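Quick one: the structure is below, questions incoming.
Read from first to last, the chains carry the letters A, B, C and D; within each, the first residue is number 1.
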């Protein structure tokens, strides 16, 4: 199980590959579910040209580990990986990766979904958008994944 | 939207990356959900050392395209990719990849799950396992993703 | 009329053939079950057999026309 | 007692400070709300403020001890 807070742009597919190669034994897992959140160049009808992601060093990692523990207690997971970007982000760059490995696909799917929803509602990260007219605004409220 | 039937081992993360680079515009998608099914070296309590995957050329592709069309009609998808291996497969090798791109994570998650369940129940593929004593057996019934 | 018939997986092995072309009396409207009877003889169609006509899932009652491809196979187990 | 106080995101900008160390009369049992009052003065805590004590989410009524880290921030928006 791993939590990575990342200040530079990262390649989520390479991160999944690396984690799998170093942490998982071939033939032991049958199902891998992943989710990648990527920065769009539009939000709430406005053009967004950059974003800054702030976090709370120490608490953010602790919260993510807590969420992973909850997932481990609810599903038979072989492994889980969470990578979250902080700092200056440009459109098209990945913001978050969640990956879950299990013997069975229901556990992998359900745990991956749980981790994303829990991360969005409980992990201390804050987004500030820079619009094309150079104005900045704090994102006030995360979208609800179940209704949007 | 793409369906790929693949006779040689494939790297699912590279396949996602390639599809994304060639088919999707940066900044237009916010959510990518993927599922990878990988061959395990155990099943139903027995040690499995190899597997042969048979398909129905023509019908398999048509069924997968039909399933993707159903997903497009149910969720606001920007793109979807299905890659499925056929032929001789060894433990640790990927069998199937499903990837969905959308603006929102609920659509990406739900469509990815739907595609996997529909593929497992409707796409013409058949697995034959080779056990460590060299005996072979056809897999009779797919596991139910929702209950296993 | 001429019909192309295919078998897959365990059904291919049980029947000992993967593909054949058969000629059917054109005066009779033919069904998938009729095609099975012509190629499998006395052997009844297993209960869990899946049938397809021209790459689309069908039933034993589905009508078969000249030039159609009819396939028989066990429940799918991919993914 | 001494308490370390942190503010994040829009709250950090509104209050114009990100971190400070405050001394509180040790004879009084202190709460998160009490810490807020000491650092923000008359300014009431916004309704949607999230509080944490030592990296664990807390409430305005949570008790604060010597050496604790107390944080105030708006609802989270990551992922």
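Here is the rule we use: a residue touches a chain if its C-beta (ideal position, glycine included) is under 8 Å from a C-beta of that chain, and two chains touch if they have at least 3 such contacts.
On a predicted model such as this, the values are computed, not experimentally measured, just so you know.
Steps from chain A to chain C, minimised over paths through touching chains, total 2.
Chain geometry summary: the mean Cα position of chain A and that of chain D are 27 Å apart.
Annotation: 73 Å between the Cα-based centres of chain C and chain D.
Taking each chain's centre as the average of its CA atoms, chain B and chain D sit 49 Å apart. The geometric centre of chain A is 23 Å away from that of chain B, both derived from CA atoms.
Residue numbers of chain C whose C-beta contacts span two or more other chains: none are found.
Annotation for chain A: residues 37, 116 touch two or more other chains.
Listed by chain label, the pairs that touch are A-B, A-D, B-C.
For chain B in complex with chain C, the touching residues are 37, 53-56, 58-59, 62-63, 84, 95-96, 116, 119-128, 138-142.
Residue ranges of chain D in contact with chain A, taken from their complex: 6, 8-10, 52, 55-57, 71, 73-79. Residues of chain A touching chain B in their complex: 11, 13-14, 16-17, 26-42, 91-92, 103-106, 108-109, 112-113, 116, 143, 145-148.
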